[in-house]
């Protein structure tokens, strides 16, 4: 079987599904932006027709400037030696997404984590409301960009006096070029 | 029969010697096991330190009356077993309170401690204790069966229920021992011995990786110290029974120390290299391999 | 609060109805008291010596420091030589080695395990992260000072401390115990309210009795 | 005799798919294994509901080791991230350093010298040996055979000595950094390494005799924890656990990285997919790593740079991009997903550890119908390390 490149795969997929932009990171790794509605049929197609049987990871990126979350579904085709990432953009306010735990049972775990760490709702996912990592956390979900972990830590945990933390860039500049050049 | 009061201090002396020997012996055995793992192992006096420490703990809690009595029963099982069996054959001083039917009593005492422990541990309310107890009782029962068969074989063979007389019948050379005159009984009994020593492959009762650490999970401070004392006395007392029944008994303390050491070593050697059976596997093992030996022993006699 | 901790009515097999309040019924919530030393100085000295030479560590690997505990108990370092050994249940252990950073979720379990241990008990904080947060000083989920929540006897610095450092830390602990100064459990009892306040400030869903054992 | 559970006594399912368990009926017992439990791997907990001696439901609870690495890295510069990534996985930290370094190099467009590739491969294989040795001890220990753990930890200490000599640290090496590795090999390293490898092989012979040929060990582990090969992809199973099911999933062969194309090896594959086979696959994989290290030592160049010139790391900005880098660690596929946004800090780092899928969804499935005694052995056989689940 001739190995088809990621761009060729993209062209094939594009005939069936409306797709967003393609980023070819390596010859065997590409990312495609897809619409939220297209995700599930696309995943099914990739899993059953194109050999992307292994869900490597499901994670989110917080683009707070654009007011959106990016969900990344990374699939792996072991025999074809290639990976394909699907990017789904969600609005940041009241973010919610359909669950894919029926396609890959492991996705339920990822969705639990995203629910807890980013506050993205996955309504149908099993046990998604249970505490996963944190216990009784009520504030801003910690992986969001607007959560300041240092501030939270200083306020909550009574730091031992005597610890100095410096900004590395400014401190090195001070040490190496004390005259300010 | 007139009761001789002098027997009480005498048996206390036996108890003292045996307890100390037990502490040292278990430490030495731990050292031997450690050597197999290329370690130095604990110092030989470590058991005494642990004992003092446990007695010296300041606080202790209780879960009820049976919780108190558990370790006491366990210890009296060990002590009782020792006291009703002649430790050194042929001496007035160390024959303890042995009498004509002591074999039956010994069989009972082997079981007594486990029962007492079951009551106490169950009261402690910890689920691991409860699981450990149910495992322990089923396994001890299974292990007891071949031992009982072997004991009956021996009793039939010598036509007596008195341990002293059984020992007397084995005197006069190594070949007179039950080990040679009735090897099947000894084989069955030794397999059962492995099962009752709480060492792998039959330590599923304690099994730290599954139910840490079984029945004594909730026991601490002085209770634990009692259990530790029992762990020093009980194996020795049990070995004394085995030694008397199957290995010709001991006529003096050096012979006693040597024989006990070797019999103990047998269980350690097996234990160090084996993982543990699940409880139903070990019961099946006893029923399949040890009980037929016991039956053969009885039939042959 | 989880469902199983709420008050409920249970029907026994013979038809009685019992009201169960798990937080009160299953635990003893009497606060710890200060336990005096033995009356005689000689006896206390003997006990302290035995305590120092027989340290039973609770088998609870709370953080990454636990990985160096294994070499510690095996041929190269063999801590058994010094009377140190593992104990799988808190009832029988008297030394709690906090092996590394404590996340808030673990801290809750650590407190419960610590309270189940019997007086006298000792705590050794392992690694820089127990001292001042170390690598994780800015993490939202790890505590920065262990001694705010539990009375610590010895800290062993490093990330991660080598087994040699552990052994020397244990020697130091033995010295402290022998000199009769390792009264962590009593300090905990004396300053019980302060410790509890600190603990409750950090642990957000406090669904256990104040003292449980 | 095979162990055949009787399904009739098990609870029925409710409408929403969860089990209908009434704890007050006295039929079931809730049992927590962990976090304070010697039979658990690391600091996690399994909540078991048992009926008699059999588990009817198991739930994994994690989060006891969560430090929020992915958050902490967002407020550290690229070079500051490098010393903390290794702390994510304790027994085999080098994979974090490797994946992170490669991800950064890829997005920043940095070329790494040839010799650094060899040294990286060497380090990764040494780490794999360490991790497997630890596993073998744990697997035997879970069944009460403590002596194997003593032997393997002894040789693991020898391997840690080699690490110490090479990197200066026993556990956290911080050796593979973006741009290459910190240093070359010290003098005489080849000779001492070969001696250590011989020692490891000798110990493994003993381990094979005492553990793998032991009747009781076989009786306990053969047939336990069977994973259907059809489930591998659905549950995201990778590494030795997948190879024990007969699928040659090995990133070293599937998507070769570093110098693996130049080395001669075949992935170790098992057949039966039970605990015994998984242990055996790992033992043979360990021996293969020993062989690989010998090949690396024989083939690697002795001279040459090990580090490229990095831009000034204090204001090192990486253009916007995202990538995923993976490697085959001792437990399966280990990967880093790195997103940059053109600033001096990573926008998002996501660590994909193999334990994530093994310990959660897979374990919860396998644990049903298992005997309480076998829970520890089963859990260890999946070779999970909690820190990489929750980071």
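Going in written order, the chains are labelled A, B, C and D, and every chain counts its residues from 1.
The definition used in the following text is that contacts are C-beta pairs under 8 Å (C-beta built on N, C-alpha and C of every residue); 3 or more make two chains touch, one makes a residue touch a chain.
This structure is a prediction, so every number in the text was calculated from the model and none was measured.
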Task: Per Cα centroids, the chain farthest from subunit D - done: B
Open item on the list: Between subunit C and subunit D, what distance separates the C-alpha centroids? Give it in angstrom.
Closed with: 29
TODO: Measure off the straight-line distance from the CA centroid of subunit B to the CA centroid of subunit D, and report it in whole Å.
DONE: 43
Open item on the list: Centroid from C-alpha atoms only, then distance subunit B to subunit C, rounded to Å. What do you get?
Closed with: 35
Open item on the list: Averaging over Cα atoms per chain, report the distance between subunit A and subunit B in Å.
Closed with: 61
TODO: Scan subunit D for residues touching two or more other chains and write them down.
DONE: 37-38, 63, 66, 68, 71-72, 75, 149-150, 154
TODO: Check each residue of subunit A and list the ones that touch at least two other chains.
DONE: 133-135, 142, 147, 149-150
Task: Residues of subunit C engaged with two or more neighbouring chains - done: 59, 74-75, 88, 105, 138-142
Open item on the list: Applying that definition of touch, give me each pair of chains that meets it.
Closed with: A-C, A-D, B-C, B-D, C-D
- [ ] Could you please specify the touching residues of subunit B with respect to subunit D in the complex?
- [x] 33, 36-39, 127-128, 131, 200-201, 203-204, 207-212, 272-281, 284
Task: Complex contact set, residues of subunit A against subunit D - done: 23, 25-26, 28-29, 31, 53-57, 59-62, 72, 74, 78, 81, 83, 85, 104-106, 108-109, 126, 131-135, 142-143, 145, 147, 149-150, 168-169, 172-173
Task: Contact set on subunit C toward subunit B in their complex - done: 28, 32, 35-38, 46-47, 50-51, 53-54, 56, 59, 74-75, 78, 80-81, 83, 85, 88-89, 91-92, 94, 118-120, 185, 213
Open item on the list: Can you tell me which positions in subunit B touch subunit C when the two form their complex?
Closed with: 34, 37-43, 46, 49-50, 52-53, 56-61, 208, 212-213, 216-221, 224
TODO: Sort out for me which residues of subunit C touch subunit A in the complex.
DONE: 104-105, 108, 131-133, 137-145, 148, 198, 201-205
